[in-house]
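Order of writing sets the chain letters: A, B, C and D. Residues in each chain are counted from 1.
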Amino acid sequence: MNETLFYVLAGLSVFGALATVMTVHILRSAIYLMGVLCLSASFYVLLGAEFLAGIQILVYVGGIVVLLVFAVMLTRSDDLDEDRPTWPRKIVGAVGALSFFSVSAWLLSQSPFAEEKVLETSNVDIKSIGRALLDTGSNGYVLPFEVVSLLLLAVLIAGIVIARKEPQ
Amino acid sequence: MLFHWVLLSLALFSVGIYGVLTRRNAVGLLISVELMLNAAAINLVVFNRYVAPAQVDGQVMAIFVMALAAAEVLVGMAILVMLFRKRKSADVTKMMGLRH
Amino acid sequence: MSIIENPWIIPALPLFSFLIVGLFIRPVSGKLAGIFGTLSIFCAMVAAYTLAWQYFSLDHHGGGARSALLPFSFEWLRFMKGMTVNFGVMVDSISVMMLTVVTTVSFLVHLYSTSYMHGEDGYGRYFTYLSLFTFSMLGLVVAPNIFQMYVFWELVGVSSFLLIGFYYQKPAAVSASKKAFIVTRFADLGFLIGILVLAYFGYQVQLGGVGVNAGQAVDFTFLSNPEVLTKLNEMGVLTLALILVYAGAAGKSAMFPLHIWLPDAMEGPTPVSALIHAATMVVAGVYLVARLFPAFSAAPNALEVVAVVGLFTSAFAAIIACTQDDIKRVLAFSTLSQLGYMMFSLGIATMEEPLGYTAAMFHLYTHAFFKALLFLGAGAVIHSVHTNDVWKMGGLKSKMPITHFTFLIAVLAIAGIWPLAGFFSKDEILSAALESHRYFHFYGGLVIAGLTAFYMARIYFLTFWGKARSDNASHAHEASAVILIPLVILSVLSCTTGWIPFAHFVAIGRELPHTGINMAVAIPGTLVAVIGLLASFFLYRTGDAKTVDGLVSGFGGLYRVIKKKFYFDEIYLFVTHKIIFRFVATPVAWFDRNVVDGGVNLSGWTTRKAGYFLTLMQTGQLQTYGVWFVLGAVVVSTLFWMTVN
Amino acid sequence: MGILSWLVIVPFLTTVAVIATPNPKQIRWVALFGTGIQLILTAVVAMKFWALAGAETGEHSMATHLCMVEQFDWFKSLGIQYFLGIDGISMSMVMLTSVIIFTGVLASWNVENRTREFFALLLVLVTGVFGVFLSFDLFLFFTFYEVAVLPMYLLIGIWGTGPKEYSAMKLTLMLMAGSAFILVGFLALYHTAGQSTGVYSFDLTKMAAFQYPTEMQAWVFPMIFLGFGVLGAIYPFHTWSPDGHASAPTAVSMLHAGVLMKLGGYGALRIAVYLLPEGAKEWALFFMGLTTINILYGAFGAIRQKDLKYFTAYSSVSHCGVVLFGIATLNMMGLKGAVLQMFSHGIMTGLFFALIGMVYGRTHTRIIPDMGGLAKVMPWLAVCFYIAGLASLGLPGFSGFVAESHVFMGGFFGNAWHSSTATRTLTILAAMSIVVTAVYVLRGLGTVFLGPIPAYHEGSHHDAQGTHGTHGTHGAHGAHGAHGAHGAHGAHGAHGVNLAKLTDATFTEKLTTGILIACLALVGVFPQFMINLIESSIYPILNRLH
């Protein structure tokens, strides 16, 4: 049951991603992205990371994509409203992406990951995530956590500084 | 099953690469990057689930990825908006001021 | 102070004069330069005669050659251990003889020039050059080794160059000076290589323990040592080396086929022609062969070359001299002819039959005076009529009596009329040829003597007899006293020097049994001279060109060929300009600019183009880099995987 | 601080002083003062050297032979030292450099454009040159070598004439390519010696104590020799020289041909032959052949040149060939002759370029056929030119003769390792250059100085005459002052300059030429003192060859 669901969702997700990068209208692209991200959240659920799924919806879909949509609205220009890459560009991109995909897939198939493994049950909960994030011990992530928070603060300020209108 | 999960994230990542290589619009570019980041995040969680189910490190990493993605988009958009104000265009192929 | 212990003073005086005049006096006053130069060369002349007197008063232990002294010598250049060049003054009979000749003629020419060059632009410069020349010539004469000889050889070459090109604004003089320098330089290349050969093999001989006490490998004493010469002959290099050295001598003495520079050298001031291109420098080649005579006599083939080339040049030049109209050129060809005479005289001598050696030196000695006299006399005439063309002169006998008289003496002297100097020396050369049974040379010499008498009388008659054939000639007047004094002195010398018992002073090998006149030679010699003079008298007495026209047209094309000097100038011009310049220098220059430099530029161009193509990859577009990045990553991971497995 | 360090420091301090001098008018005086001090310092060093080393000859090694050594560690871990010393070869080169820079400053008395930078760069260059001649540590040597080579780019690129950017670029790139070879060679030597002995050192005397494997010498020798050969204008890597010299300003040409090209010969002798005797034996005949080509090719090339500077540059190629030819003979006379030729050619070509600068400053053309009869109006310069020319064709009495006779003698004597037939044939071929040199020198100089003065300004050049007629009355200053204004006019040849009205040398110019001629004549007339100086320092090199 879960497997069937996975393949369906995976198919949808890849299709959505392709739609995201291929669509001509940038706004639609953002909407497709939103779809892909939502599907990703469902993958997290399948993987037993419900908390992550929640964050995915909140941060990604709610924050980032909305930001993107705003940006698209703000920077509408006639020549780019429809982003039609030229054929050479498409071919080069496709060759690059496909060769990357095929080589990586081939490499993966050679690796031990390709073998079937018994899925162990997991019993992690939100609490343990929180503990890991704020743990000061050797397995804890408090330092990166603080760094990221600093980064976000800096980005916040930087965003304002860069994007504000220059005083006349 | 793990292989298929990884294949999924690889597929999403490759599609992201395609987008990065073809998009001319800076916003489109960022969207593609988001796709790739998302694929990476999925990968992290998958490996967390299949390799070390008792731990949460993969999930924590995924959270960091999201945070960084947010930061990146924010800065990217800020630069974009400013550039757009100056050049009235978001076409990255025309942004080559650092080349010469 | 005894001169014989300090003979360096003789070359030092003109050197001193050169430096003082050139650096300090010349810029201030030209006149003073002339006086100073003349005085210092006068002192040198006095010193030279004192030296001669002192040297020849030394005990002479019988035999041919007098012993050579080396009273002054210092190390000038050390090539390496056992290979040193000393500078010094070698005093022996021929160097003493040459010292007196050079200083005498040089002094007289200096004196003559103070008047002759009066009012010329560059008067002081002229005397500076003359001093330089005299110094170099004296240094050459006293050289105790072949290397010093070469050094001064080059210096006389350059002073000759400077003096020929004295009228540097006259293109003819400029090109003549260049020609003289380059032709002699070409010959000097042979000389230089000859020196290299002699030095190297001499050094090897010394390493072999032979002739260690005979001096350095380049010393003349070493090269005269019989053991050394035998050893060099065994190595099979002596003949080659001497022929190479002879090439240098032939260049300086203008032997065929390197004679072409001498006639052109007449573009220089006439006193210079008298000094350098008649009396002194051009005999340096003869002197060199005489210096190396012991070596030459050990290499009969080399000596044969000297003899043959000498005779040929002598005849060749005499024939050309009969057709030239420029008085100085006739004299130049006559010089060539006489130099050839000396050369063949040396060439037929051997250590066993050394009369030719003495005779050559004797002829060198007498020739210096009467040829200088001829040139100076011609100079006086040219000064007066302002042309070199004998057909534009005529009738000067009465207008320039003293010049005429001295010139006549010189003509008779060179023609070989008793009792003038030329008679004795020519007689000795011919008897040398006869005694060594070189009949070809003997008869050749006789014919040349006749030709000499003919062409000398020709210019004499054309210049002084008949009627004046141009305005300038009819308004000619006698030269100034300062010009006439040297002429008179030289004519006295031309009369008297023949009576010197030369073999007593200059000889080599065995002692010469007789010094008297050989009637078997004197009678035919005088006869041909008289025939030549008479033929000339009948043809040119009146100075009427019609008299000779018949003869000229009788010879037809041959005459034209001779008149054009057998087209040697044209041949040389063709070889240098058309072949060397066009087929060597121009292609080299082209090759350098286009091929070698083209190669350099090509590498630069390739680099630039490669760089340009690489910049095409650097679009500045993130996405382009992305493509490369992705493809690179793909390639790397493939390779990585393939190597790991 | 030893006296040798001062030889390097004084030019550097002069550079600093030049930069710090407030008034641009005083800069040349500061430079002259500094180089004057350098000249005196050189004389002092020479005296000292004489006292220390004058007497010894014969068998000794370089290490014991060096004088006034200053040696301390620079980068100890890498075995790099600050190691200055002097021997006869260095001494003669230092003397040459001091004279050339002093006269070079005099010859650039009238540089108006960016005077400060010009003199500063010139002095930096000279600092490097002195450093090279005194260094006995290969790393230090290379450092100074680069310091000496690089300023040339700016000097030609900024103050040059004609296609100066091209020339400067070509020169620098070719020399840099040579340096690359040299550097690789040095590192190979350093590494090999270090690996075998365990002591890594760039110390020349220590490296000389190590016997390099013959196979290694066989490939390192040509590399280093050619690397230096590029600077010594070895065929076919000489083409930077004509273009570079033609474009460079006077003093730069003087320094470049006079001194910098000597670095090539010096390095080839001091490092390539000294450290790699086996390689030298293997390759000497090849290089002898190559340099014979140099000698003849340069001479024949010079015949056809129309530009005085190209003319001199080709003659330099020929004469520098004599230097390398002498080195390739591998015997006492040849090596000594090479050093003598370096000195002699340095002075001679310095004189040549100085004179060309002076003539060009007056006529505003360097094209030989455009000139004529200048001896009439500038007798001093003509005499000096002829002296330089005669010296270059090897007239006895000038140093060139002494040097060339040594080299030819050396070539003819040959050495134990090569067929004497081959070396002799090559020597005879090379000796032919004395004739060809005579041809081009006399032709070239004859055209410029002798004959009638060509008449310009007939008919259509009236206005030109009007503007330029003042030259004669202004004297030399007028001629130089007009230089800048003339920049554009220079291109169309001598039109616009009345050759008959030009003036002779000024006092500064007479001083410049006088000093150089005195050096030429001094060595030419009394060669023995130079020979004494050099000979004892050749022995260490010869001893390693045997």
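Assume a contact is a pair of C-beta atoms (placed from the backbone, for glycine too) under 8 Å apart; a residue touches a chain by one contact, two chains touch by 3 or more.
Computed from a prediction, not measured in an experiment: that's the story for all the values here.
Colleague: From the Cα centroids, identify the chain that ends up most central relative to all protein Cα atoms.
Modeller: D
Colleague: Starting from the mean Cα coordinates of chain C and chain D, work out the distance between those two points in Å.
Modeller: Going by mean C-alpha positions, chain C sits 36 Å from chain D.
Colleague: In whole angstrom, how far does the Cα centroid of chain A sit from the Cα centroid of chain C?
Modeller: Centre-to-centre distance between chain A and chain C: 102 Å.
Colleague: When the centre of a chain is set as the mean of its C-alpha atoms, what distance in Å lies between chain B and chain D?
Modeller: About 64 Å, centre to centre.
Colleague: Need the CA-centroid distance for the pair chain B / chain C, whole Å please.
Modeller: The computed centroid separation for chain B versus chain C comes out at 96 Å.
Colleague: Mind pulling the chain A residues that touch 2 or more other chains?
Modeller: Counting only residues that touch two or more other chains, chain A contributes 92-93, 96-97, 100, 104.
Colleague: By residue number and range, which residues of chain B touch two or more other chains?
Modeller: 17, 21-23
Colleague: Please set out, as single numbers or ranges, the residues of chain C touching at least two other chains.
Modeller: 626-627, 630
Colleague: Touching pairs of chains, all of them, please.
Modeller: A-B, A-C, B-C, C-D
Colleague: Considering the complex alone, what residue numbers of chain A touch chain B?
Modeller: 3, 6-7, 10, 13-14, 17-18, 20-21, 26, 29-30, 33, 36-37, 40, 43-44, 47-49, 51-52, 55-56, 59-60, 63-64, 67-68, 70-72, 74-75, 77, 79-80, 83, 85, 89-90, 92-94, 96-98, 100-101, 104-105, 108-109, 113-117, 119-124, 128-129, 132-133, 139, 141, 144, 148, 151-152, 155-156, 158-160, 162-163, 165
Colleague: Along chain B, where are the residues that touch chain A in the complex?
Modeller: On the chain B side, the touching residues are 1-8, 10-12, 14-19, 21-28, 30-32, 34-35, 38, 41-42, 45-46, 48-50, 53-57, 59-60, 62-64, 66-71, 73-75, 77-82, 84-85, 88-91.
Colleague: Chain C touches which residues of chain A in the complex?
Modeller: 92-93, 96-97, 99-100, 103-104, 107, 110
Colleague: Write out the stretch or stretches of chain C touching chain D in their complex.
Modeller: 75-80, 83, 150-152, 154-155, 158, 161, 165, 168-171, 174-175, 177-178, 181-182, 185-186, 188-189, 192-193, 196-197, 199-200, 203, 581, 584-586, 588-589, 592, 596-597, 599-600, 604
Colleague: Touching chain B in the complex: which residues of chain C?
Modeller: 618-623, 626-627, 630
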